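Next up is a structure, given as structure tokens.
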Amino acid sequence: MSGNDRFSPSERILSGETTDVYFLNTRQILAAEGIDPVVTMEVFPARDGILCGMREVTALLARVLPETGEAWGLAEGDHITRREVVLRIRAAYQAFGIYETAMLGILAQESGWATAARACVDAAGGIPIIHFGARHVHPDASARLEYAAVVGGCAGCATPAGSALAGLEPSGTIPHALILCLEDTVRAVEAFDRHIDPAVRRIALVDTFKDEAEESLRVARALGDRLWGVRLDTPAERGRVTPELVREVRARLDQAGFSHVKIVVSGGVDPERIGMFRAQDAPVDGFGIGSAISRVSPIDFTADIKEVEGQAIAKRGRIPGLTPNPRLEKIL
Amino acid sequence: MSGNDRFSPSERILSGETTDVYFLNTRQILAAEGIDPVVTMEVFPARDGILCGMREVTALLARVLPETGEAWGLAEGDHITRREVVLRIRAAYQAFGIYETAMLGILAQESGWATAARACVDAAGGIPIIHFGARHVHPDASARLEYAAVVGGCAGCATPAGSALAGLEPSGTIPHALILCLEDTVRAVEAFDRHIDPAVRRIALVDTFKDEAEESLRVARALGDRLWGVRLDTPAERGRVTPELVREVRARLDQAGFSHVKIVVSGGVDPERIGMFRAQDAPVDGFGIGSAISRVSPIDFTADIKEVEGQAIAKRGRIPGLTPNPRLEKIL
Amino acid sequence: MSGNDRFSPSERILSGETTDVYFLNTRQILAAEGIDPVVTMEVFPARDGILCGMREVTALLARVLPETGEAWGLAEGDHITRREVVLRIRAAYQAFGIYETAMLGILAQESGWATAARACVDAAGGIPIIHFGARHVHPDASARLEYAAVVGGCAGCATPAGSALAGLEPSGTIPHALILCLEDTVRAVEAFDRHIDPAVRRIALVDTFKDEAEESLRVARALGDRLWGVRLDTPAERGRVTPELVREVRARLDQAGFSHVKIVVSGGVDPERIGMFRAQDAPVDGFGIGSAISRVSPIDFTADIKEVEGQAIAKRGRIPGLTPNPRLEKIL
Amino acid sequence: MSGNDRFSPSERILSGETTDVYFLNTRQILAAEGIDPVVTMEVFPARDGILCGMREVTALLARVLPETGEAWGLAEGDHITRREVVLRIRAAYQAFGIYETAMLGILAQESGWATAARACVDAAGGIPIIHFGARHVHPDASARLEYAAVVGGCAGCATPAGSALAGLEPSGTIPHALILCLEDTVRAVEAFDRHIDPAVRRIALVDTFKDEAEESLRVARALGDRLWGVRLDTPAERGRVTPELVREVRARLDQAGFSHVKIVVSGGVDPERIGMFRAQDAPVDGFGIGSAISRVSPIDFTADIKEVEGQAIAKRGRIPGLTPNPRLEKIL
Amino acid sequence: MSGNDRFSPSERILSGETTDVYFLNTRQILAAEGIDPVVTMEVFPARDGILCGMREVTALLARVLPETGEAWGLAEGDHITRREVVLRIRAAYQAFGIYETAMLGILAQESGWATAARACVDAAGGIPIIHFGARHVHPDASARLEYAAVVGGCAGCATPAGSALAGLEPSGTIPHALILCLEDTVRAVEAFDRHIDPAVRRIALVDTFKDEAEESLRVARALGDRLWGVRLDTPAERGRVTPELVREVRARLDQAGFSHVKIVVSGGVDPERIGMFRAQDAPVDGFGIGSAISRVSPIDFTADIKEVEGQAIAKRGRIPGLTPNPRLEKIL
Amino acid sequence: MSGNDRFSPSERILSGETTDVYFLNTRQILAAEGIDPVVTMEVFPARDGILCGMREVTALLARVLPETGEAWGLAEGDHITRREVVLRIRAAYQAFGIYETAMLGILAQESGWATAARACVDAAGGIPIIHFGARHVHPDASARLEYAAVVGGCAGCATPAGSALAGLEPSGTIPHALILCLEDTVRAVEAFDRHIDPAVRRIALVDTFKDEAEESLRVARALGDRLWGVRLDTPAERGRVTPELVREVRARLDQAGFSHVKIVVSGGVDPERIGMFRAQDAPVDGFGIGSAISRVSPIDFTADIKEVEGQAIAKRGRIPGLTPNPRLEKIL
């Protein structure tokens, strides 16, 4: 499918069944009253962040707005600030009123995730980050999470569906399950090396049965130059990965002649811990991050009608009329 | 569709495209090696909460496990404790290994939401709560959020899709958009009253243009006995709904002879604020809650292989072999 | 009465009945012993602040010191620092010893109030402040409070007695009582406009019955150009005045053509809240302040005898002899 | 003067010059409009405390209310709770409207002081407290402070004016000034003993020139049985009075045969420090307290019109109509 | 040497060279003046704790007091409370005055250590503790530290000198140095087993080269029934020993049939961490503790002369005369 | 004895009885196995500080290392940083292995004390500090404490043994005991002046019986120019020495013509309190410090074998092979 098609709205969204029912009631009432004013609606976030979801929202509006309708917006991946207007729609209300819930939900959750990803990326200062938090969200939405992580700056993500949305190949190492099924890390790594396309990087997970330093040397001796890297994922019960551990594994690999083997760190990694690794000069070549992105709250977005038939209006607490934002570009 | 059908897995999940790619690689490697051990996998949460998603997971396993496969689990809505085994699967690994990501994601997110809903319900001590947080999550997952909120104890939710999953009718009042289109609250309420099925409760939103106490009296006078209640949703810019405001609106309605009109409170409501309303004896008849449920983090679930071909095994940091849990019931 | 007369001591103070009785006993003992040494007494504050009460203290000393007595002091409104000598008296002890309690009390309370007023004035950065805290202190002292507020930098105060002491006309708007008696804000404002000297500014209080934004527009339409301003005094039960409210009322007034109408803010205003209004660029034209000034503690002043008949002396804990302060000027 | 006369309003209060000017404007407007409704006004505090000032307020209302006017109130010294109605007035508004500022000010400041005194008295658990904070407030109001301290439970106070208001004799010891003039504590105490009415207790201040323990023994030896007690008032520069010091002075006095000499403690005493003395079993026979009472903030009181011509009314944020309080007694 | 001899004073102490020189000056001055009063000196601690050092102090006094001298004291290991008299000496001052520094130093440091040991022992609730903190203190004093740890309740200690003082055999396992010299843990354990008296427990240190769980199983398989236990001493760089690790090693040992092998935990163990192990039901059979005891501050002891020639006396701040303590027993 | 002899090891240390017994077992095992590898051991501290004990350690190694052995180290008094190698030994293991406990203990405790002393010295900014904390530690180790305090920068210490180690004369004033025996401060000072070598400074302790200011003037008048200084040591029960007290004593001494008399402050002095004296410009001429140095924890030192027979090795958590430190100098 084409790049644009990837973001097309599903039938479920178009049908209105995912909207709050009072918007469906409103549609029925206005129709019965024969009222359909041209309104201008503005959408703004409750906190600063990275905007994500605009492609999907734009595709939805392109499907439902009438020819006379117009829309302006900021771009996917833009920095946005609290209360800044990121989307403005001017059209007859009945054409798009029932999609308020869906549009806000898309922006809220994807911007929340992209913002969290950006915080990790900024903390990492150039060290690449792979996202693999799909296991924390419902599979119906996990591709959106992975897409948002890439919009936020991650270098890759782990599911085929998410990678496709982001236009990348999926990234992965070796799960504990394979090692447990084969009952030895070296055996698992060798099997991987035999059967998986040589274009895929060999990254050994080295915390399953033995101490990480010992296991790293075992897999390096087994695969030699074909080993791209090791992944340290020490469980919390063993104290998680520490900067000292990374330095020690690096030193032991180097002393044994495996300077080409890279070190990837995962397990509870978040911006604070990334900062700790960097402050202590731990030689990390990549981070794997899950819940630091997938656990964050959505960014609350609000949609306000600010004009009705060209007249400034607003509910109490808001200033009637349009809120200027020179950064807005016409999108429809 | 039947109650069970509601929870059937989508083709997208069954195809494996929402799984972390290293599980797909593992499937390929084990097939090439001709290995497919019978394993026992256990799933446990990282914190206490309310279990949600088991119906969906059970439906998925029912589709994919071979006849010799077995599964045990706790029930939808059960209280669960940190590290308690909530699901145990024993089967040839290749049959279900690639669904680990999806199963964990379903449980993680729905249990997170149900747990947050239960905290609100517990705080409310019998005052009913309607959930309307769909606007904060992606529409592909919003029905799951609403279902989880009902599993957690909410009395209703707002979208048709979510209500259907929960087996309820959707709940709603009147959005600001209708009032702004009609430019007066009383006019909007009267239009609602004319055109919407009389079986639907008339609940007026009373913070759009005028002070809440004044507007409450205006709509009460307009609809009389047909008015079921008013919803206070004072924006943050006007100080949000306070216990004093609820008491005052109650008193003014009573003094004017409208004791039958109920008061629903929304806007930033969470367990702490519910506690404050109750501690100050504010006469609230219902709460509308969004982000206090939709914003919470997933509950991290972990899947561990604990036996391979009947032999106890585990990765470092875990105790090999099954973890007893007498609460588990056979589900497949 | 003349400017100096305003600060003359009352008969009650001169009689000694407001002094601590042990000073009266001391006068009796020294007289019986035939002892009346020339002493030097120094007065200093326990914390930094704005000095107030010196005019009144000087007028008292002018009445009681003998011709040979001398006094030096700092000026009304001066910044003073902890432990700095602000007043030095050299005279035969019996002439002024019994006035220690009164002199300290005058300085303590008026300096405390003036210091608090200055903190508000500094926070406001040029936005004028009217003081109206008389309702928090005993009416026998309220004129002193209002005088001290003006010494601290307030632009006006509310009672005739206080204003007279400060050499100003009293400032005021419209009380809730008038609006409640007339049962409508517009009716009250129109009555005020009919009967009060046109030289008095028309400032409408707009929080009594309706939302502030709505009421502001009503009174502006009723009085037109004769309306000088509106006062926002939102009660705590409605969330107090917020920066967002001020901005919204300003925008709605401007959109309706009433750019000349100013906005005065009152209700719980203190330096912290003034800072918040300014940090958020709320277009406030004036503040009304009460308890942020009237509630503060007095500044403790201490009087020490540091010389007796020219010999340095002091109680334990103090350094005998005079404490140099080049800022002192001869006042008597 | 009779007991009641002590609380009669001054001409200054009766003239209205101590009221906020907008009440004077209101009087003028209502007169011009020919309006003088019978209103019911209720007065309530912003926090819990001890009510003080009611005698003075009652005397004022007795002077100004017409025959048809009525008033109800709580009693001087009563415990009051936040938002409880402590005074209700029903009369034609013009008769008493301009006294709102004065009535609130009397109650605010005196109740604040009485409440602070009660906190000290409660902490002291039966050990008597003498108040001597007149030096911290303006002499025009210091008698009210001392009266309020006695209403709050103090056993005595220091100024003749304050004591008269409270119906007591003034209490006092010996000031530092007398000791400094006579240049020796023993000499000062002996002079006191020679010239002051033997009915007055001999209490020596023992921190002026020598260590407290040494000085206590010197004055005890000088006056013998005629010495009632010593007052410890160690300055902050010497570490203030500590529980250990009290115990040591007690022990040294007892060892020297002066068990009859009592120990009074002053200097920065407040409820927290009283608690410390009692927790450490320091043998204190009395406390002298100043700023712990005189420094406290007034209790904010509010006056609301709740009925106009028998109809319930209120401004926004308050509940229209009377607030029941069965504790109210008819006072006029 | 006999039990008493162990605590005899060294020549260095007897010579006075370890005393503060002003006591030597005092001895010279009093001798020159021909003054040698009988004094009573009392010694008390600055905080609660366990008394230790009394045997040594008693042995010293037994050597230096004249026949007319007397002493009373509490017993080694007694609980003592802040400011309680623990030692009273009555004798001619010159006989013992120069030993004040030494006596206080003995009590201060040994009581500090014993008190810290008791806190560990109390936290451990019956699980035995071996002390091995000699490496943190000077070897001239380390035997005193180990003795004090045993007085505080430890079951053993590590140096021959300390154990001799405490009347025990020294306790020990295997140091990292032996394992590093032999380059393998199993090899080191087997060598130990070959050459060390079979009466000594075989306790293997299992954190040197491999993961603790793996190494525990290796040494258990190598020594079988002769292995008494394993010691977990995971370094901070690997996250220290955690309750989860202890549980896992226990489970893996049990699953492999080594239920008889005990688990000893060391490395940063203190009362807080002991409490954490017990709260999480970690199956610990013994703790090794070093710095939690050796790092603590001494308990400050003070010696006061309270009588001179039978007359009560004291410096400022202390109560003259003896402080009663019925717990004191005559020791000399 | 010569400078080097002062630091020679005692027989007790050489015998091995102060070492942890597992090192003695190791010696026995290696001997039985006929193994004695050349190893390189490195020693590093757990926190930053001042290195102390190197002279003693060097003297020990000089006694026990074979001719082929080598050692490198930092110098006594050097600043050291966390984990920096401060000592490296290369020799056959059996020659020095049993001295690990003693060497670590010497460095740990003396470096801890020297570091604390340096913190006081740095805070004092040039004002000399005399150490007198011998009373808090065991007399067997107190000379080491005093030596370490001088290494840390103290100008003197109080015991003959400690001063000898540091190459100084002992420093002292007058103890409370002498004053209590003579029952008057002036009498004690005069006796001191009569009998003690005129080369010793006359420093009067002035807090025993009278207020410090009064006593300072008394002793100054008694000794005149022969008085070098006064020591203020106010007990906690009298509020300790405060900056205000120092200023007052200075002023009173100056006013009486005793500007030559210096002021020494003691009693609970630590870096924080030194900072307070200096921030308030208190004219202190010297500090006496005890527990601020003697109470601190040792600095934990660790010894790691990093090479065996020239091969890099290390236990888990450490990087095998030597850790470079260009600051190391060859010491043996």
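The chains carry the letters A, B, C, D, E and F, assigned in the order they are written, with residues numbered from 1 in each.
Please note the rule applied: a residue touches a chain if its C-beta (ideal position, glycine included) is under 8 Å from a C-beta of that chain, and two chains touch if they have at least 3 such contacts.
Predicted model, so just to flag it, every value in this text is computed and none were measured.
A.B. asks: Keeping to the contact definition above, tell me which chains border both subunit C and subunit F.
C.D. replies: Both-contact set = A, D.
A.B. asks: Specify, for the interface formed by the sequence copies subunit B and subunit E, whether it is same or different in terms of residue numbers shared by both sides, with half as the dividing line.
C.D. replies: different
A.B. asks: Counting C-beta pairs in contact, does D-F beat A-C or the other way around?
C.D. replies: D-F
A.B. asks: Greatest Cα-centroid separation from subunit C: which chain?
C.D. replies: In terms of C-alpha centroids, the chain at the greatest distance from subunit C is E.
A.B. asks: Where the CA atoms of subunit A average out and where those of subunit E average out, how many Å apart are those spots?
C.D. replies: Once rounded, the distance between the two centres reads 57 Å.
A.B. asks: Just how far, in Å, is the C-alpha centre of subunit F from the one of subunit E?
C.D. replies: Roughly 22 Å separates the two chain centres.
A.B. asks: Residues of subunit D touching 2+ other chains?
C.D. replies: If we look for residues of subunit D contacting two or more partner chains, we find 209-211, 234, 236-238, 244-245, 248, 316-318.
A.B. asks: Specify the contact topology among the chains shown, as one of line, ring, star, complete or other.
C.D. replies: other
A.B. asks: What pairs of chains are touching here?
C.D. replies: Chain-chain contacts present: A-B, A-C, A-E, A-F, B-C, B-D, B-E, C-D, C-F, D-E, D-F, E-F.
A.B. asks: Using the touch definition from the top, list the residues of subunit B that touch subunit A in their complex.
C.D. replies: Per the stated touch rule, the residues are 10, 12-13, 16-26, 28-30, 32-33, 35, 37, 39, 93, 97, 100-102, 104-106, 108-110, 132, 134-144, 158-164, 170-183, 191-192, 194-196, 200, 207-210, 234-238, 291, 294-298, 300-301, 304-305, 308, 313-318.
A.B. asks: Quick check: in the complex, which residue numbers of subunit F touch subunit A?
C.D. replies: Within the complex, subunit F contacts subunit A at residues 312, 316-321.
A.B. asks: In the complex, go through subunit D and note every residue touching subunit E.
C.D. replies: Listed in rising order, the residues are 211, 213, 244-245, 247-248, 251-252, 255.
A.B. asks: Any idea which subunit C residues touch subunit B in the complex?
C.D. replies: 209-211, 214, 234, 236-240, 242, 244-245, 248
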